[in-house]
Structure formats: C-alpha cells, structure tokens
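Both complexes below contain subunit A, partnered by subunit B and then by subunit C.
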Partner chain A sequence: MPASTRPAPARARAGPAPAENLDVLVGEVRTTLLQNSHQVGADTVARLLDLDPGRRVLRATRPFTYAVSPDERVGVHCPLPTGSGTRADGVGTVLARASVTGGIILQASARARLVRAAGERRLPWSHYLTNPGTIEVGARCGAPDLTAGFLRDSARSSPAAGPAREYLDLGAVVNRLLNQVQRMPYIDRVTMLRARRTRLRFAVTWRSPDSGELAESPDIELVVHDETSRTVRLRLPASISDPAEAVVACEDLALHDWLLTTVANLMENSRIGVDPAAEVVARIRPAVDHLLHLWMPGARVAEDLGWMWTALERRPGFSRQWTSLRGQIQNQLLLAVLEKPAAAPTHGNLVFQDGVEGISHRA
Partner chain B sequence: MIVFATSDKGGTGRSVTSCNVAYRRAMQGSDVCYLDFDFGSPTSGAIFGVEAAGQGTPTGRGLHTYLAGGTAEAEQFDVWTQSTLGGGWARPLGAGRLTLLPGDAGGGEFPVNKQMIRRCTDLFLSLDEEFELTLVDLSAGRSYATELVLRATADPVLAAKTTRWLVFHRWTRQHIVAASGLVHGTQGILETGAEYGHRKPDLEDGIRFVRTAVLEPESPQLASLRPEQSVWLQSYDIDLQRLAGKMRLGSSLMIGSIPLDPVLQWREQIIVEDDISTTRIANAETGQAFEALAERLTDKSLWEGL
Partner chain C sequence: MEPQLMEPLPGQPPPAVPVAPSARAVFRETSAAGRTVEVPLAQLSVELGHFYPEDFHDGAGALAAHFRRIAPWAEHSSLGALVGAAGRPTRVSTCLLVDDYSEPDTLPPPGVVLPELIAAAGAHGLVIDYIARESACVENGRVPLARLVEKALIPDPPYGTNGSRPPVHETGWLCNGSRSVSTAEVPAMGGRTPWHPPAENAARRHSVFLDAELWTEEPGPEGRLWSCSFLAAVWQLLRLGLLRARGETVVNPVPVDLTDLPDGWADFPAIGRMTPRAAPFCAYRTFSALGTTYLPVEHAVRVILGQVGIDPAALASTVRRAAEEGLTVPAEPADRLTYLFLSR
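Right, the complex of A and B next:
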C-alpha cells in the first residue's frame, strides 16, 4: 500500500495536539484451507487469484510457493467503532487481497489507514480514490479510541452485542473474497481436512519521533479471544514507516496461528491414547501430508520487523508449541508401527493405508 | 455432507427429530451444524435450549436476514456452551462441535432471487469447510425454503458435496399420501428439482423417509389394549405398509422410525442420557432410534441407488 502523501495527517507536525494527529493502520486477515482434494500447482493458484484481469498476480517460490492477488479497492462510508462510543464517520477506500501459501492455505486480508479528514464536508469520490487504502475520519477522536473500538469489535459474536449496526466491517470484505476464491472452477471442492476459518484483526500505530526514549522500542500484543478470533496491536517506531510490511507481517502471523490452531485441534480430537494408534494416525494424516512442512515463521517478514517473531517466540512461544505437536505426531506414527498386529505385513506404508481404510468405514 | 429435513405437513416432529439427530451425531464425534430454514417458525433454539435464540434470534443476524442480504455473516451459537438444558452440557470427551444457526425472530417466508441463491451456496460451502455434517431444517411443504435449497444445490459449485434428504411423516394414511406427494407429486421435490437442473434419478437416490410418532403393534405401550383393538391395529398397520409400498415410501426407502414418546408430545426437547437412565422420563427406544438415524446418515449401504 502506498504511504499517504496528503498533507493533512502529517505526523511530523510539531506541537502537543494529540487530537490533531491520526495515523492508524487497521486490518483483518482470515485464514482457511483451500477447498481442494490435494495441493494445487502454482499455475492454478495464479488463476484462482486472478481476480482483476487488468493486473497481475504476484508469485514467489522460495521458501515456499506463495501467490497474492492484486489489491481490490472497496469504497466505504460508514461509522467506525470507537472504544468510548464517540461517533466517528469514515469515508475512503479499503484495500483487500487474497493469497495462497503452499498451494493449500488460503488467506484474505483487508486493511485501511485511518487519517484525519481535512475538512468537515464529504468530498467527491475522485478525491478518496487518489489515496487508495485510506479512510478519512471526520470526528476528533484519537488513535487509542479508534484502535480500542476496532479491536474490541471483534468480540461482537457474543449474543449480547445487540442488532448489527453498519460499522466498518473488514470481516465482510475478507469473507467475500474467500468465498469468491473457494467457488472458482479450478478447484474440486473436495475437503481434505475440516478446519475452521480463523480471523486476526490488527491495529498498527506509530510512535511519534519526538516522544523520547520509548520511540525506538517496538511493541506487539497478541490476544487469543476464543478458538478462532485473535487481535494484534502493534506499536512501531516512526522509522519503520512502510505499512505494507506491517500487513505482510500480520498475514504471516495469522498463517502460523492458523497452522497451530488447526493441528492442535486435530490432535485434540483424534482420541490419542483411547483408540489404537493406527486409527489416530489416520485422523492426523492430513496434517502430516499437507501442513507440517509449511511452518516457517517470519520467512516473509521484512528485516526491520524481525523482532516481532522474536517477541512471539519468547511469549507465547509459537514454535515451542509447534515442536511439541510435531513430537506428539511422530510418537503416534511410531506407536502405529509398533502396535501393528504381527499377522499383517509389517511394511510401514501398509500400516498407514490400513488405518485410513479402517476410518473410512467408521466415518 | 449436507442433509435437508423436510415434511409435507407440520406437526410431524421433523424439527425435534432433526435436532436430536444433530445432537447424537455430534456425540458420536462429528462436527455438526444445524441450520434453521424454517423461516416462519424458527423454534430450534428452544429445542436445543439456546435461550438467546429461543424463537429465532432477535439480533437481526439470523439466517433469514443473511439470505436476504441484511448481514454479511449469519449468527452462530455453540450449543455445548449456550444451552441451558439440563443445567448446561459441557462438551463431552470425544464429541464434535454442535453449532446452531438460528432463523430470525419474526421472520417469514420470502420469494427466492438469484442473490439469495448465491448467498445460500456460499453459506453451504463455507460451513462445509469446517463441519462434517450440515443439517438444514426446512419449512414444511412446498416452501420457498425448499425451492431455495433445490436451486442452490443445483449450482455446480456444490457438485462435489453429498446432499441427502430426509422426508418426515407420521404413520397415518394421510401423512403417507402427503409425504409421497411432496416427493413425487406435482411441484414436488423431484419435479421442482428437475426444473432447476437436477437429474431426477440422482435426486431420488438421495431421498429417504423417516417415520415419526410410530406405535409399533408389539410395543409394551399397547399391552393394555383390548384384544379387538389389538387385532384391528395389527391389520391396519399391514394396510398402511401396503399403502406405503405403493406410494413409493416402503421399508426399503425408510431410514428411520421414531417411536411415539410421551415426553416429546408434551415438550420438544433434546433427549439426553439422563432423561432415559436417571429421571427416566424418556424411553430408551427413542434414544436408540435417534442414535441409529444419526449413524445411518452416512451409512453408504443404506443410500445406494435402488
């Protein structure tokens, strides 16, 4: 996303007027499994993500295959949620895109940079289109208020939330993109593994360069609300100014969080220790076949955001949990080999084949 | 897999049986979601004991509003944590998820349009990403809900998904004739389905019948009948079986038979193990019938073309 070039939200302006400055990047990423019976090839992925014939799908092959659709612009004019309940109207555009990692994990993300509107009046759309991905906020509320509102709103699924109001809904934009890709003709829609869509909302703010010593110490706060909902608050020093990097980092985080959630769920529901290991292995096999090799936290994250993963590895310790899950899977594979009744052939492959058949009868 | 529950007449026990089947299936370890497409009378919340959506959800984010385009996502309730029945159930070990998508309070039937079909297929596809079984409870009879799902399932994007139909009817002459009409009659499921692009034989292969509130002649509930009553009942039962065969809903196409249970006549509810073994308000046979029907939904041998 191009950095905002308009003079209105200039961060560098001197003077203590906190209500004047506004620069918050908000976004949402949803992650799910591409509905296909097997991993899809790079060319198919490119066709799946070719949502705008005028522009190209970007592709990478190292360290894993990755492709991302061109940005789609969505015009919005709606109230924004605020922590204090102050009414804040926003006008502008949201940028959304879809991506596929490893030919199997489908993500969609939407983001917008919230800046202060120059005046009270709404301008013609042509004005907002010159700054794609920017929403101009009409009210005087500050960044903390908007951040709090945006991140809190993700807990909206509680039944007490009351009637839905037409707030800025990045989730709806993202969901529509996911649905659009999932119904493309190039995939067969045979589900290889049941996995839930997870959603991660993020809000990024920048410390002003003149705010003293703390300015250069970045900060990340990840909250896991329930089985599928997460929020991330990022505070970056002014030197890391490219919002596009922050979006990529959040997508990378969402991807690994989904991997962890999905594999952990699968293990939890595989009746380990209750059923024979061969049956357990048949249940966890899709993870072995398709997911385990995709764990590369931070692989796509820009160098000046590398601290983000360092912090997350320290607490809550993503890779620690992943390593433990991998170990558990390997133990079940070993047990399946050991438990195999002596009567049958002792070829390793056959052990697993039998397990799969055993399950398909049960299912 | 997507399973549609329908009936020609109201009062067949379609909703209460479907809810119980969803519950049993989740207990058996599958991840199950239950969609209340009975837009005129969305009562599944009450059956599951999810009070926030007892007569449909009041938040304006129910299925009705979703399909009409009024909300981007339909509201979901986790039955294990939201139900108040029996003091609330914790999700038992090894059980799958059980999620309710309620209708809207005060909703009604509505004509079907193209956007609605698109939203309906999107809904089925996204739920199928995470749930092994999507159980859709339709309004009774030749409803807009039935038309909607027939048009949605005719869309090639759902071609890879297994779809099945359960037609509920009571064990009486009128109900047998009506259920047969709903499937085979004019503007019935087969005729309407063919109109929207289904292949009739494929659609027919996916339809099975469920008898509800059945009094088996040899049931202990009938032990106190006078000999005359008992003889009449037996011969009438044979007549009904003959009729059912003639109307193409004979025993080979019957996938479940739910015995008459007094507790369900008074209160539509989920029958849990406690109701059978501890408080003993429900009959063990009823629980077994739900359990069997839940298993048979995916038993290939019972769904082969005949």
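Right, the complex of A and C next:
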C-alpha cells in the first residue's frame, strides 16, 4: 500500500530524517522456579536445556552453576508497536534461549535487534537467516518511537486491555520456551515454594558518539509496573557495543529482581509474629535451602556494564532490601532455636486453637 | 545431585557489587564457551552424478554416456571460472551419490557398482574423489543428519507471524509462501469459503509457489521415509561444509580400498574417499551436473536451503576463509550452488 506508507511532507519534517540509522535491541526475560521438588543436578539441567541436536548447552560452574540452551530462532513478519502509532512492519528472526541458575531458577529470554531495512521490498527469506536475531524495520520511524512502543505495550498488555493488534509478541515466544522445559520428563513438577513468573522487558539503544557530553554517560531506567511486570530502558555509550552483554545484564537483573520478589513474598506470607518461629522457618526453609546463596548481583555481567548494578544499588538499593530479608530470616532461625525446648508445647496449643492443623503437624 | 546444604546463614553482608579491579583476571570455563570446529574446504565440490539402482541395470554403456556428456564441463579451466579463480590452480574435489535409500534391495553391491562407476568415469578423464551413499544423509553412523536439519528449519513466515503461535507446519511439508485455502478445509455447513490462491513470499509480482514434501510416515519398521528433495538438501549442506552437530563436524570421509569392498552398502562408509590425495570433500561452492529430471528436486532443495538456520560461526567461517584466498562466497547457502541440467 504505497499511498499510506508514503509520508506526507509535514509528517516527514516532524519525524526523524529518512536516512537516520536505527539500532534498538529489544527483549523480554521471564523468570520462574523450575518445577521440581528439589534442586536438580548439572547433568539433568543439561538435558532439560538440550533443545537442539545440532548445538550444545553451555555450562558454567563459577560463581554459581549456570547452563544455557542454544538459541532458538523464530521467524517473524508483523507490525511492531510504536509510541506514536505510526505503522512499522518488521521482518526477521528472534533469538530465544532458556537457562537454569543454581539448578533451580528457570529463565527464558527472547531478543531481537531492530535495524533499518535496506529497501521497501521484502527480500527472500534466506537473506534474513544470514543475520539471526535481527528484525529489519521497513518504516521510517526512529529508535525513540519504537522503544516507547515496545516498553509501553508491555504495561498495556494486561488481559484487561485485550490483544490490541498482532504486534511482535516476544512474551509468547518466551512462555512457549518455559513451558517446553517445564514439561520435560526429567523433572517431577512438584513445586517447592510458591513463586510467580516475573517478566522484564528491555530496550537498549546506543548513544551516537556525536551526542556531546552525554555520549559517554550510560543510564538505566527500571520501572516496576506491578507484582510481576518490569521494564528496563538502557542507554549505552557506543563503546559498549556488544548487544550480547546487554542481554546477559538484563537476564541477571531479572534473576535478582525475581529473587527479591519471591523471597519477599514468601516472608510476607509466612505469618511472622503470628505463628511460632519453628513453623515460620518450615515455610521459609525452601528459600534458605535453595535461593539465598544465589544472590550475586552482577556476577555474570561484563565489566563495562558493571555501572548498571552500582547505579541500582544506590537507588532503589536491591542489596539493601536483600540484606534486610536475610536478617529477617536469620532472626526467625534464631527465634526457632530459642523457642524450641521450653516453649514448644504452648505454641503447639496455640496452633491447634488457631485451627491450622495442616501446619501444626509439620512444626 | 543432592540438594546443597547451606551454612546456617553466615552473618557477613552480601557480596559487594563489582568494582573496577586494579588487576585483570582472566577466567574461562571451557564448557561455558560455544565452539564450532572448522572443516577442511576445497574451493569447489563437483557432483558428477546422482545414481539410482536402475542406472546400473542398463550396462556400462549408459554410465559411459553420462560421463561423456559432462566431461567437458568438469575441466578445471571451466571450473576455476565458477569459483572466481580463473587461471589459478584450484582445489576441486569430485563426488557422486549412490541411492541406496529409496530401493535398497535393487541396488547391486559396492563390489559391482564402484568398479563400474570408476571405469566409466575414467574412460572420459574424470576422477571420482568421493562416493557417498544416500542413506548417509539420513544418518551418517553417528548423527541423525536428516533430523538435525529438520530441527534447524526456520519456516519462511507469512505476514502476520508475530511469534505468538508456533510456526505453522503442515506435517512433513515446507513451502515458499502461503498456501491456498484447501477445499478439504471448507466446513460442511455454512457458506463457501472463497478460494485464495497460494502466494510466494517476496514474489516479484507473480508467484512461483512450491510446496515440498519432506517426509512420509511409513507403516512398519521403516518409520519415517525422507524425501529425495530433503536428502538432496542435506547432501548440498554436507558438501558446503555447513552442518555441525554440537559444534563438531559431521563429514568424516573414510579411505576406501577398492580391492576389499564390503558386500553390502550398509558396511560402506557414509562418505568414501576413493583417491588418496583428493582435495577436501567440503567446498565454498558446489557444482552439480544432473539430468533435467532433477530440476524440480533442486528447486525444492533451494526452497529448503532458504529456510535452514545454519550455525552462524560455520557460515561466517566459509566467507572469511574464502576472502583470505581472494574469493568471494555469497552469504546465503542457496546462492553457492551451480547446476548443469542435462537433457535426455
């Protein structure tokens, strides 16, 4: 439809110049608990992530056990959301991968780099396969417009809003991958603690070296939309050019945000101060057993992205909150020890009176 | 692995955030890094033919006629031009494929077929460097190649494919666009669904739509029977040196002793090396001399190759190594194929 894609002169002036370079990395990470009654070993993890017979699962053991599947490639040709509502179609492939951290946390991420298509015509599909993970954008909209659309779409796409249009849906790609791993026969699908699937959408752009004093100053904008949805906007100096590193940094951020969310939820629902400490400890025990030692913000992040965590530690202070949660857990453990010998019968009675029988036999 | 027992919460603060270190540490875990091996590469892989069992029933004369017709096209001077290396010595290897897959019972044993082929080719000055059996494109003794390539397919997405659904696979079929609405899908009740023509993706105004059958599920122990087109696509990928299984090569030619040939094709290597000093089996580009009957098969091969996700490292390495030799190699695998189609 040449008539609608040809911009009117006035709009062309308002929009970015046609020749403007485009390079936006967009992606989504979802984090959840592997559905197994206990932490799984490295070999099982490798089998869970062995999604492609042609390529291998990559495994690391330091500073924690981590394994990642080969990239799955998904072909797309669809509209992309834009902030201004300008129509923008993209053709290319999305890369998606699943990973397991500490034998217990399952993540899947999908990402694509949006670049300007060389021409108006769609090229043979083989052209797009030579550059996996790249979506060529036909329209002339700029990086801010696409970034705004991509991040806003996340906030808007709650079930209430309904599926507006058939926009690029990285969330669906990621969910499919998570479900594929969770359905594998090597795990028993027993949930050890209640944990929600969190999602983090990210958009990364690179500052032009000509953008004056801002050129070298990176920044990060993290927004927590609700209990499970977050968005991250990263602006990087041109010198930090490896998009793979930015994806790892966002996965690392999503992992730690999930740890905080999950442990904080667990503490909130553990009836601290209501039930005897021994019962509280029984409830928070899975976190002690499997999650607390995995807190290592930035451990996998490239050195030149280390500032990201430094900035987030200043505000909102992820580790401050984590330390406080750990302190709370530690106090409950101490209380459980102190309460145990003399006070146990009294508390047993209390529990019985409360009618929480399911818990009283566990204590 | 047993669940790891934790220390009872050591009181120290959580690990500090990364600080720019004054000394640089280099730390690597081998299992954490991807690896794609390089394979030896010739400049051109020449396929001297693709032989069915019946080709060996018509006597040595028919084979000789085939080689006589292609001999002028397989001279090094003309082949050099194909790879852009005219006037320079070129690394060219020749190969052919024997079909032991579609009708294995009717194919004479290697002891009959190989001497006939070598003699007929030799009579016209052609040397056969490698002989492969078609069943090796299904499974080469170590790796299920056909399954591996099928898994690597990334179907050409029609407009509206946004990732929300898994790619629509007509089981066992792969096409180059959008299919027409089939009459079988018209609901028995309700109005007629208007017919839509099929459309080729990225067509130049008019479509040449192709739908290729990749396999059929056969009853009995055979199980899946792969189509000639799909195996021919695997064969081209093998010759282009673009297939890897977990980063390792899947091409391992085995020297063949003509005085000691096996009785059955199952005991013949996946790829047999017939001449000791042959150039490598894999090459930057391939050239195939085939009968015109293979034209539709090779069209399907190109449609399939256009939708196979190749290991990016393997793809990049061929381009880089060719450039180091002053040769250009197209980025897309299907563009590396040259054909000579012979009339009857």
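We take it that the second predicted complex is superposed on the first by the 316 of 363 C-alpha atoms of A that agree within 3 Å, B and C clash if a C-alpha of one lies under 4 Å from a C-alpha of the other, contacts with A are read in each partner's own complex, and residues count from 1 in each chain.
FYI, a residue touches a chain if its C-beta (ideal position, glycine included) is under 8 Å from a C-beta of that chain, and two chains touch if they have at least 3 such contacts.
Please read these numbers as outputs of a predicted model, since none were measured by experiment.
Chemist: Clash or fit: how do subunit B and subunit C relate after the overlay on subunit A?
Modeler: With subunit A as the common anchor, subunit B and subunit C both fit in the superposed model.
Chemist: Considering only the touch criterion stated at the top, classify A:Ser229 as touching first (subunit B), second (subunit C), both, or neither.
Modeler: neither
Chemist: Return first, second, both or neither, reflecting whether A:Thr32 touches subunit B, subunit C, both chains, or no partner chain.
Modeler: first
Chemist: With both complexes superposed on chain A, which partner does A:Ala172 reach: first (subunit B), second (subunit C), both or neither?
Modeler: A:Ala172: touches subunit B and subunit C.
Chemist: When both complexes are superposed, which of subunit B and subunit C contacts more residues belonging to subunit A?
Modeler: On the superposition, C touches more of the residues of subunit A.
Chemist: For A:Leu292 in the superposed arrangement: first (subunit B), second (subunit C), both or neither?
Modeler: second
Chemist: Which partner chains sit in contact with A:Thr310 here, subunit B, subunit C, both or neither? Use first/second/both/neither.
Modeler: The answer is second: A:Thr310 touches subunit C but not subunit B.
Chemist: With the two complexes superposed on chain A, say which partner A:Gln328 touches: subunit B (first), subunit C (second), both, or neither.
Modeler: neither
Chemist: Touch check for A:Val274: first (subunit B), second (subunit C), both, or neither?
Modeler: first
Chemist: Rounded to a whole Å, what is the shortest Cα gap between subunit B and subunit C in the overlaid structures?
Modeler: 5
Chemist: Could you give the residue numbers on subunit A that contact subunit B in one complex and subunit C in the other?
Modeler: Subunit A residues touching both partners: 169, 172, 176.
Chemist: Show me the residue ranges of subunit A that touch subunit B in the complex, using the header's touch definition.
Modeler: For this pair, the touching residues of subunit A are 32-33, 35, 157, 159, 161-164, 169, 171-172, 175-176, 178-179, 182-183, 185, 188-191, 194-197, 269, 271, 274, 363.
Chemist: List the residues on subunit C that touch subunit A in their complex, please.
Modeler: 1, 3-6, 8-9, 11, 13-15, 17-20, 27, 29, 31-35, 143-144, 147-148, 151-152, 154-167, 176, 201-202, 243-247, 305-312, 315, 331-335
Chemist: Contact residues on subunit B for subunit A in the complex?
Modeler: Against subunit A, subunit B makes touches at 29, 31, 52-53, 57, 59-61, 71-73, 75-77, 82, 94, 96, 121-122, 125-126, 128-132, 156-161, 298.
Chemist: With touch defined as at the start, can you tell me which subunit A residues reach subunit C in the complex?
Modeler: Touch residues, subunit A against subunit C: 38-42, 52-56, 58-62, 66, 73-79, 89, 91, 93-94, 103, 110, 121-127, 129-130, 132, 166-170, 172-173, 176, 288-290, 292-293, 295-299, 301, 303, 306, 309-310, 313, 319, 322-323, 326, 329-330, 333.
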